[in-house]
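Note that chain A is present in both complexes that follow, paired respectively with chain B and with chain C.
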Partner chain A sequence: MIGKNRRKLITASAVIAAGSMLLAAAPAQAVEQGITTSSIKLGITIPMTGIASPGYSKIPGAMKAYFDYVNANGGVNGRKITLVVKDDQYIPTLAVAKANELIFKDKVFALIGTLGTASTKAISRSLQLSARGIPSLFVNTGYSGFADKKLYPTSFSILPSYQMEAKVIGKYLDENFAGKKVGLIYQDDDFGVDALNGFKQAGVDFAVKIPYASGSQGVAGVAGTWITKLQAAAPDVVVLFGVSSATAAALGNAYAYKYAPKWILGSVGGDATTLTANKVPAAFLAGSKGLSFAPAPSDSTDPYIAMFMDVNEKYNKNAPFDNNIVAGMTSAFLAVQAIKAAGPNLTRKSLIAAIEKSSATFANPALTPLGFSSTSHVGATGYWIGTYDATGSLKPDGGKYTVYTTDSGTGAVVVSTYKRPAMPAKGLPN
Partner chain B sequence: MHKVKASNLTRLIGFVLLGLVLFFVSNRVDELRVYQGASVAMYVVAISSIILLTGYSGQVSLGHGALLAVGGYGAALVRNEFNAPVWLCFAAAVLLAALWGALLGATAARLSGPYLAGTTLALAVGLPSIANQFKFLGGEQGLIFDIGLPPASLGEFFSQYKWFFWIAALTALIAMWWLQNLLRSRYGRTWRAVRSQSVAAELAGINLARSKILAFTVSAGLAGLAGALLSMSISTVSPGAFPLSLSFALATGAVLSGVTTLGGVIIGAVTLVAIPEVADTLTQSIGASENVIANLPGLMVSGLLIVAVLFVPNGPVEQLKHRQKR
Partner chain C sequence: MKTTSFKKKLVVLVSSAALITSVTAVLPANAADPSCTTASYVTTCVGATSDSAPYMFIATAAFNGTVLVWSHGLRPNVDIPVGIPGYGGYKVTNTPEPAPGGDKAIITALLGAGYAIAGSGFSRQGVNVQEAVAANVELIGIFKNKYPATKKVVAWGASLGTLITQTLAEKHPELVDAVALVCPATAPTDALISYFGDFMWGFKTFFDPTIKGFGYSAGAAGYAESMGDLVKFFTALGKLQAGLVSGAWPDTSSPLGKALETAKIPSRSALTLVGLMAGVPLRSEHVDGTTGPTGSEQLYPLAIAPAVAVLENAGTVGLAEVLLMADGEAQSGGIVFDNTKTDYAARVDADKDVYTMALSGNSAVSAMLGGLSAAPRVVGSPAAMAKAKSILSVTGTITRPTVLLTTESDQFTVAGAGQWMIDGYADQYAAAREAAVKAYKASKTFTPATNNLVALWAKTGAKYSKFTATGSPDLTAAAGAGTGHCKYTPAQFIAIAKMAANAATNGKFPNGGPITSTARKVGLSYDNKFRAPLFKSLG
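== the complex of A and B ==
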């Protein structure tokens, strides 16, 4: 009796399995999917909910807003851009599943702006992006690996590498704090290793180095021990090279301990909106140093920022304007420039070739040169250093951006003489 | 005696036939379905591991995600360090996870009910982040687990995902065949005896602790296998791939499948894979807000869990059997 039922079950299971998979048997896909003479479909998977979503969840909305603005003005080469958004909650498994849906179900032309090193690596490997030739534009991670064309031939990063950032900070320390004691808090993984390499090249000698394991910043009491260690070593200046939550934990505890050295905040954890939302008083942040490669969100005299503010108001329900909005719109802007440069006969190959060949002519908000070439896929290549004011917004020193540029190798850090291409009329591609 | 042998043979034939069906199906569907099929196979193994533990030996685990992580890391390490073939990676994953399971089982045998649930929960929270403490585990970035391209003999257009599916489906079929044989053996009967009436079982001469530890070990080994399959399908292994929500999803899948029989395991597995997609289609057709889109899958899983507990507490399969008997 049981055996009989068992057999029925097996048959039933087989039918269910077969049925569920046959439901949507689709015809073989076209050679270049996600593109017609009047449209281009892009896809993004990013944490919209979950622990890593605060701040970053604003990026897709900002991208969409800029695309809508371009579409309302005729699109790019006659094509209108749509963006399909998926939520991966910062979980690599989900990121792969969502990227699969984007490519095989929504049939997007290219991916854009995937966030997080682990998720981006998993997507690239599992979906075999390079073998399939699928472009992965402007990934939101500064891990230097993604700029390596040999490892990830169809991926392009937009952030400068962590090594570059560490070298720029090293140069700043050398010029302004020579002979002073320097402290460092960093994340104990690839993120931190990249940075340590950069600091080593810049010849920075730390009086105290405090590594933290990713995630430990949220454990009660841990960040307090960082401050105790710092107080014991008494450095004059402390570099905070961690994610937002770690930077906020360090500053919040320092505030409670009434400990106030000179702070230098790395760009990853330096978004003032996120810090102040995480209980760091803006007044405590005031006077600290920070880095960015794009113009400050508060700088409405910059033509790009002014245009972005306008687009944000009209197409993004006037969401609070911060670094995340600027980041999203910058990626969208660059994507539009690349699509335009690839010409009317757009293919995945021609898009990648266009970025490699002509990125130097792309209009874009970044204040540093773009590093895209046939050998490198790194985006921005440097930073300007500024000071947080009493309201917590990062402003360039002396009202003028002094931009430092360098590479991820042994190259020197130099003041950039780069003049970015002028913004096209109204920030539109044509 | 003769009858038992015959039914064993028919079951084996059943599994082989199922395998053949899956093989033909995999050649007729698009890549997204093939990928989802591999996920279903992974969930089948993971959920049956919970069913074995909870339904057959009466122990609760809310932290199976951690055991999956052990398997995933084990497989990746063996692959990266020794360039071992896939089957050896899977074997290593099973052994390593089973070893962990034995250690855990030794503790678990002294605990029951909420204490055991709490202990395993703590494991799910804590274990994956251990990767951050040791350099050879790759920290937050994790490790690459690349099983390589499908053999050239399968043709140029044989996709990576179909290769994953073949491996995952075959592994799941073998594991299920082995497991249902095990559950029909002396061990299965012992576990059921311990679950139903531990005092009576002890009087009958069963060593309770040993029986529980063995169940935990076997269950952990299966979880490790599922972890290796999961890591294979995303080609990497990292702490973020084994969040607490994975452990909860697996527990939910087990309840939907019916924790007391292995027969419904495919139901839970297909549901877990289908829900995000159903939710996606639903929200697209009604044009829901971003907030709804983000929360609907979770709501559907929880809703199904409540409905299942209310109306089919032993799972749909057991319910059906029950009705047939009447």
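== the complex of A and C ==
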């Protein structure tokens, strides 16, 4: 009798164990927040109001437009993508609060396109994105730390690192302004630290360096002091490594002070929309040098740009097409590729794995290779240099993109031979 | 039906009868046996343990066999002169406290549910962990003697009382069946001392080098020094408040402070830096860090709010530093804080870009840290530091079901203390699970490890700051959730007391669902993946 009971018990235990194994083997998607069999919810926190908003606030609309286009064509693996947008005013502590809402109230599957080094770092640390396994896709910052998978295992940047950018600028200075006096205005935080490291590696020796605390560019009188310091040092060329609102403040004050050096604007600082919103004519950009890793927004011969223009017209109320629209759609385009690559059993883990494993095959507009791998989460890996025209549009010098590529370390800056993947039919993932 | 009526009647009676005696009871001196009175089915007993610590316990006729032994938080061990903010006019007292703050609602609810409550006033105030643990051990014995039907003992406490409670549970697990730690101060001694010491050292080094802060004299001279320090500290704090917008430094500032003022670094940046160095929360009861007054919606949270939060939190931190350091040094025989090897640059590295405008940028941070690196450090006495550890140390080991309730932005017992307990228990639990697997392999009998920790959080809200018509922060508005020291509602205290008591009865906690639901009902969060920053000194 005892033996029989024991056998029964063993049988029951085996059934239970097998059941447990089945449960363990079941796809995790049933409990993964933010996804159903027919939908995926993503979230973005970005400045929609405030000093940094005029250009950046266009990014979510552009993302949504591309997602709507994909949704209208069946979605990704049968799922339609929605995007929840929060306004963080470019205040890191508010960005944390908004990301918190996205994750815990809106229950998004992943974050996408968070903007700014300080905000993105603060979100990652405060909300323990790594410990929770929450993907933070294609963050809009070039802080080199995000390239480090060990530090930020669930975050992926889209921009090349600021260190790479500074090295590319260094090479340009060496080739075009050798022996000339160079000045620098830079954001006095990790954004600027990355740049300083890159310039140091490139051997750039600045005659004058002017740091500014992020946010102080909006304080009356601050930018005026930059210009008087520059005038005193009289550099031939000035590099401005800051956000577009700082560019607006610098160019506006330079005009007022009748100061006209040769300007080189970092990639995040040359946005005509922001200048205009700050009552600085876009024409003030004319002649300045700038950098980009994507095709020029005005280049309608580029198939990606042409497709983005079409999507913008149909799904974004034909908003004025600029670099911010290109940035938003590029991130959305990559996100769709990544979700597609993760397959029908989408989980946060599988999405991260898909980017690490398959990104080399992702179609995307960037003119440089994507650096995503199992060890690096950096996105684009280089820049082309061009000149702003009177409309504030950046165009490649000589009408041709000469793309430089490098790394965030001590590697050389070289001309890229990268051949971009062809755009998939209709701009939809294969 | 009969029982229900009796219970209902009891709850009503308890609320009136028990409380009447709670504060006014006449205490027999050095009596081993309690003096008890019963009125309306409620028995209130008072007495004193062998060290003359007065105690009180209360039970009803429907006592269910579980007693909750409460340990109150810090009461200064010296009188505080009128005029000192926060504690001015305080007289040393050892009135027994059988429930949080003697709160009527809490006492009524717990007695009404059949629990008994007990608490001591302890024989000494200030840093009194050893004395308090001894008093609690005696108190539990006296209670059980009076109520032999006692089946379970729940030890609970708040703030400094959590150190008493946890030490009791660690040293006498046989006396305790469950534990609740409210606004926990349970952390390594060095970390606790460092939090207060780092803040005061940074503060005095910038804003008033005549503040002593450390190395108080013995006796009356030391008392005069510490009270003098409080006056200087709050005076400087007032001047910092006045200079928040202009950036002006107090006229008491050090030569370093004056040099930084000349270099156009505002005093608010130095105050923010000091807060970050020590780990003072940069959100406070009236500063959410994300909201600004009309017209300064962006600039205020970026540039001003962090300093306002430190300012609001600093009163508690500075006051506690002076009182705790003076008492700790007196008991330990020397200086118990040492920052000769502290790397303050590393302390602020992760936060400096988040608060870049408040700190006036990396260059200003470098200038301030450079100045601090050249300033004289505090050299502790190794013997005194060792003694301090012996009178104020917990291991964090959890052997009984334990409820932890931590406020995310608590300026006194910072959230890092709760996190330290959580991290320590994660290791402990992992080891227990591993041991269970090993035991199974050896015996083929699997006894799963039991989870003995439920960590609840009072999380800080995103937006709660209010501003006056002139754009100043409204310090009279309601405090934000998840801020301040130990500001829990009676419902929250009752919920965790019952959670611990149920765990004492069952020997374990229920699964997550009921805990989440209970927590949510009283505005708390049960989030196993939430993580607060550790003490700065713990990295």
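Quick note on the criterion: the second predicted complex is superposed on the first by the 386 of 430 C-alpha atoms of A that agree within 3 Å, B and C clash if a C-alpha of one lies under 4 Å from a C-alpha of the other, contacts with A are read in each partner's own complex, and residues count from 1 in each chain.
Rule of thumb we're sticking to: a contact is a pair of C-beta atoms (placed from the backbone, for glycine too) under 8 Å apart; a residue touches a chain by one contact, two chains touch by 3 or more.
The structure presented is a predicted model; accordingly, all values stated were derived computationally and were not measured.
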Touching partner for A:E101 - first (chain B), second (chain C), both, neither: both
Tell me which of chain B and chain C touches more residues of chain A. B
Between chain B and chain C, whom does A:M48 touch in the aligned arrangement: first, second, both, or neither? first
Between chain B (first) and chain C (second), which, if any, makes contact with A:G218: first, second, both or neither? second
Answer with first, second, both or neither: which of chain B and chain C does A:Y90 touch in the superposed model? both
Look at A:F293 in the shared chain and tell me whether it touches chain B only, chain C only, both, or neither; answer first, second, both or neither. neither
Residue by residue on chain A, keep only those touching chain B in one complex and chain C in the other, then list them. 89-93, 97, 100-101, 117-118, 121-122, 125, 128, 131, 188-191, 213-216
Contacting residues of chain B [partner chain A, same complex]: 7, 10-11, 14-15, 17-18, 21-22, 25-26, 28-37, 39-40, 129, 132-133, 138-142, 144, 146, 160, 180, 230, 233-236, 238-241, 243, 245-246, 263-264, 266-267, 270, 274, 276-277, 280, 290, 293-295, 317, 321, 324
Per the contact definition, I'd like the list of chain C residues that touch chain A in the complex. 282-283, 289-290, 297-299, 301-303, 305, 350, 352-357, 359-364, 462-463, 529-531
Complex contacts: residues of chain A adjacent to chain B: 3, 5-7, 9-11, 13-14, 16-18, 20-26, 29, 48-49, 87, 89-93, 96-97, 100-101, 104-105, 116-119, 121-122, 125-126, 128, 131, 143, 187-191, 213-216
The chain A residues in contact with chain C across the complex are 50-51, 89-94, 97-98, 100-101, 117-118, 121-122, 125, 128, 131-132, 188-193, 211-216, 218-219
